[in-house]
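Listed below are the structures to be examined.
Both complexes below contain chain A, partnered by chain B and then by chain C.
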Partner chain A sequence: MRLLQKIFSSAEFGPLILLIGEIVVFTTLSPAFLSAGNISNLLAFTPELGMITLGMTLLMIAGEFDLSVGSVFGFAPVLMWTCYNTHFTSLFVGFLIAMGVAALIGFANGWLVTRLKIPSFLVTLGMLLVVRGTALYLTSGFPQRTWSATSFLTNAIAGEFPVGELRIYTSLLWFVGLAILSGYVLTETKTGNWIQASGGNPEAARARGVRVNRTKIMLFVLTAIISAYAGITSSIRVFAANPNSGTSYELEVIAMVVIGGTALSGGRGSIIGTVIGVLILRVMRNGIVLIGVPGLAYNIFIGAIILGMMALHSWLERRHYAR
Partner chain B sequence: MSEELVRMEHIKKFFGRVQALNDVTLSIRKNEIVGLLGDNGAGKSTLIKILSGALRATSGDIYIHGEKVDFRNPTDAIAHGIETIYQDSALVPQLSIARNLCLGREPIKGPRLLDRLDHSELSRVASKLLKQVGITKEIPATTPISALSGGERQAVAIARAMYFESELIVLDEPTNNLGVDETRGVLQFVRNARDSGHSCIFIAHNIYHVFQVVDRIVVLRRGKKVADDVDPKSTTIDAVERLITGMAL
Partner chain C sequence: MTKLVRLLVSCTVAAALFLPISGSAEEGKQVYYWVSHGSPSDPVWTYFLQGAEQWAKDTGNTVHTSFHSGDVPSHQEAIRAAISAHARGIVTSTPDPGSLTKVISEAHAAGIPVIIMNTEDKTSGRDAYVGGDNIAIGHRWAQYLVDHDFVKKGDFVWMPVEVPGATYQKLETEGIDSVFKPLGITYEVTEAKLDQAEIITRMSDYLTANRSKIKAIIGLGDLVTGSIKRVFDQVRVKAGDIPVVGWGNSPDTAQEVIDGYVNAAMWQDPQATSYMALSMASMAASNIPIGFDISVGTLYEKAKAPTYLKVLQGASHK
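== the complex of A and B ==
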């Protein structure tokens, strides 16, 4: 009885019901929804945004967020493929350079937020423009080709393999692995305790010796690295590194995280909730196209879901405190 | 008389041209509860903030066990065994009781690289400390702080000071906004802390609460110490009120 009560009152319960509801509705309205081809499609792009949400969840629980993830998603593959296509480096070294530059971007975000006490909204908004502008400048706005380099690295990042009738990308395995690792860090480790304390009450955490600034900087770096990796994954899958790719992903990623029950104010959230949030928005995007709703109406549904979920989380929270 | 634990000597504090503390000397012995009283603006909070590392004195020294110390921040004070519990308890509301108690000194099991929390040790420590502090109600260690009452939060904060082996616990208005039963509970938590070998400084506007729990009263008025070693058993509330306000006896 107590277990059931715990499940019903958990922040993930509402989103899970919504996800199940979406699947039931779309399956009823479109027989193609559960077809192997459609599931393969759904699972191809989901890991790329999904990976970014994992870093963003940890960062938001620590009380910050990052608007530059979409631009890093676009910039990192441009850098890697420019290095390779101009014969400046091998593909692997290009990959390391892109990841290293992403880490520096994350570090700069974290340093400006924690040391200069500038709100993360302003810092990462500025960084978004700097990084996107650099990607456009480097490429004159043209995509970089990526189809000429099939290697162990590209197969490891986004190789394709069949599972029965499904076509699965290795990126799905990386996403699942990263989700399990993030969940473990958040709930089972001292670092996870520090992340939650840094967002819940930073002054109290500092007084206990928690390295709040270091924790936040580490999470900014992690989020940037994951965004870069996701961008590189996408560039391999679609055979192009477009300097404009990832535009407005930051808002979609934050929406996924918030729908999953993570508090914008920090201190509270879960990886499982975020994974459900990712699936809710991806299934919605996929399903409304299948049932014939114009793609341009997508944002109406997303906005409604966000508002509905916020109302639900707020109600659950008030009920929790009223006890 | 027991050994001296903390001594603040000739403490002066200026905020611009305003003098908040004027040559205050305060000593706390082991295993005693000292009531620090004074009207608004008397300098109680400033003195406590200097002792907890939140403010630095303009001049004067702090000694712990006779050794001079310099607190640059609250972490320094905690490292020297001084824990200050403010009205908001400085707890993380979203974290559980056990995770709050051990925050910053979490028990780890297995290889260090895995950084894995020892949940059974966390629960064991939490239930032991909650019993020690005098919480008799069955509260699971996994309960988030946000679900606790004001009195229970104070108890968790005191228990945390015990876990960090603090020698001196400073309680700043711990009974503010609490009901009668909860206040009684907090006063008992303070007595239990003394019985487990801790010293306390108890600051409260309500003199009745102070009289119920302290061994000695110190009074500040307009930044100066006007009374020390006042024994609550051999004085009256009226007499202490006159000391606080400066009215003639």
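== the complex of A and C ==
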């Protein structure tokens, strides 16, 4: 009974019910929803956005957020494939260069936020434009060819293999592994305590010896690296590295994290909640295409579900404090 | 908490009870998927959408439509959803060359024909193509400016576009370059965005700064070409002072051609493109082999502009 009460009162319970409700509705509407083909389809794109949400969750718990993740998602693969297609480097070295540049972008974000005390909204909005503009300038707007290169690296990042009738990409394994690792770090390690303390009450955390600035810079770097990796994964899987890739992903990622129960104000959140949040929006996007919601009404559903989840969170929070 | 659980369970049950009714309404109908890489805020895509809706109405089939704003992963996911749903046919535009090759082969493996509309990708393995040839269209715009002596060697042409990097921009620029480069005519592509107010602001700023060197303008998209009059009026450039060619699939541009702001505009016939593409998908699904593509596109001038304006106003007033 206590276990049930614990489950009901957890922050992840509301999103979980919503996810189950979505699956019931879409399965009722379209039997193809739970087909092997569609589940494979759902699991193809989910890890790419999902990986970014893991970094964003940790960053948001630490009291900051990053609007440049979508542009880094587009820029990193463009940089990697440009290095490779122009015969400047091998694919692996191009990959390392892209990840290194992403780390620098993250470091710049973190440094500007923590040292110059500029709000992360403004810093990362500026960085979004700089990175997107650089991607466009670098390519003159043209996408990079990706489909001619198959190597150990591309197979390791986004290779596909069958599991029964399902087609699974290795990116799903990376996502699951990263989620477990992030969850462990957040809940079981000193670093996790520092992350939560940095977002909950930074001054009190500093007074207790938490290196708040260093923690935040590290998280900005981590988020940028994960975004770059997710973008490279996507470019390999979809055979396209377009400088416009990842446009508006930042908002979708933040919505997923918030739907999963992470507070916009920082200090509170969970990886399990974020994974459920990712699934809620991905299932919604997949399902409404499958059942034939009119194209122009698409965003109504996405917006409504975000509003609904926010209302649910607000209600749960008030109940929690009323007790 | 109990109330909340009850509420959520009730909603789920209510949805589950209601939805089979709406689902059963589609029983017996053939379901086609129409997948666009365009933005729902781009007016020209509303004409494409109208063509798809009209086809569904005329034939009694169901057409599921979705927009993906150039997002390749989301676009691929929609096509794979159509395959999972055993669509009778898929009509899609191409977000990037090569980006749909794999999903098209998956659709074919499932016995589903795929017709590409609007943005061609010959190597994708598609069953047929309906739409304009963007390279040829770019070539025609550039050749029009050269043939009418609007530009010559050493001149500069400004080419605003909503989204630099979009497939249509890349292909059109390739066609334009094939004419301008040998003649020593230079050009610049600038970003105008998809929001009308921002388009006018950005274009006005650019025109103000570069008025003296711009000898002609090519509007690479419908929104930018349809904004020419407002930009010229804001910067105080008279109609006809700078020759303009570009897309003409909006009432704004058709009116601009009539008023002399735009010299010639390209009519892509978006409704017909969707309608014909779905018809071809239906044919292919009925095992009628398709050995041809359908090419659309007419460069209209002042004399024919009222015809297209009438069509466009009729469409937009429905």
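What we mean here is this: the second predicted complex is superposed on the first by the 321 of 323 C-alpha atoms of A that agree within 3 Å, B and C clash if a C-alpha of one lies under 4 Å from a C-alpha of the other, contacts with A are read in each partner's own complex, and residues count from 1 in each chain.
We take it that a contact is a pair of C-beta atoms (placed from the backbone, for glycine too) under 8 Å apart; a residue touches a chain by one contact, two chains touch by 3 or more.
None of the values given here were measured: they were computed from a predicted structure.
> Which partner reaches more residues of chain A, chain B or chain C?
Higher number of touched chain A residues: C.
> One more residue to check, A:30. First (chain B), second (chain C), both or neither?
second
> Where does A:4 make contact in the superposed view: on chain B (first), on chain C (second), on both, or on neither?
neither
> Report for A:196: first if it touches chain B alone, second if chain C alone, otherwise both or neither.
First partner only, chain B.
> After lining up the shared chain so the two structures overlap, which partner does A:209 touch, if you call chain B first and chain C second: first, second, both or neither?
A:209 contacts chain B only, not chain C.
> Which partner does A:116 contact after superposing on A: first (chain B), second (chain C), both, neither?
neither
> Could you tell me which stretches of chain A are touched by chain B in one complex and by chain C in the other?
The answer is that chain A has no such residue.
> Help me check something: in the complex, which residues belonging to chain B touch chain A?
Interface residues on chain B, with respect to chain A: 74-75, 78, 90-95, 99, 103-106, 108, 114-117, 146-147.
> Show me the residue ranges of chain A that touch chain C in the complex, using the header's touch definition.
The touching residues are 8-9, 14, 17-18, 20-21, 24-25, 28-30, 32-33, 35, 37-38, 40-42, 44-45, 48, 136, 139, 141-143, 145, 147, 234, 237-240, 242-245, 247-248, 285-286, 289-296, 298-299, 312, 315-316, 319.
> Flag every residue of chain A that touches chain B in the complex, lowest number first.
Chain A residues touching chain B: 185, 188-193, 196-197, 199-201, 203-210, 267-268, 320-321, 323.
> What part of chain C is in contact with chain A in the complex they form?
1, 4-5, 8, 11-12, 15-16, 19-20, 22-23, 26, 31, 34, 36, 40, 46, 49, 62, 64-67, 69-74, 76-78, 80-86, 95-99, 101-102, 110, 163-166, 169-170, 189, 191
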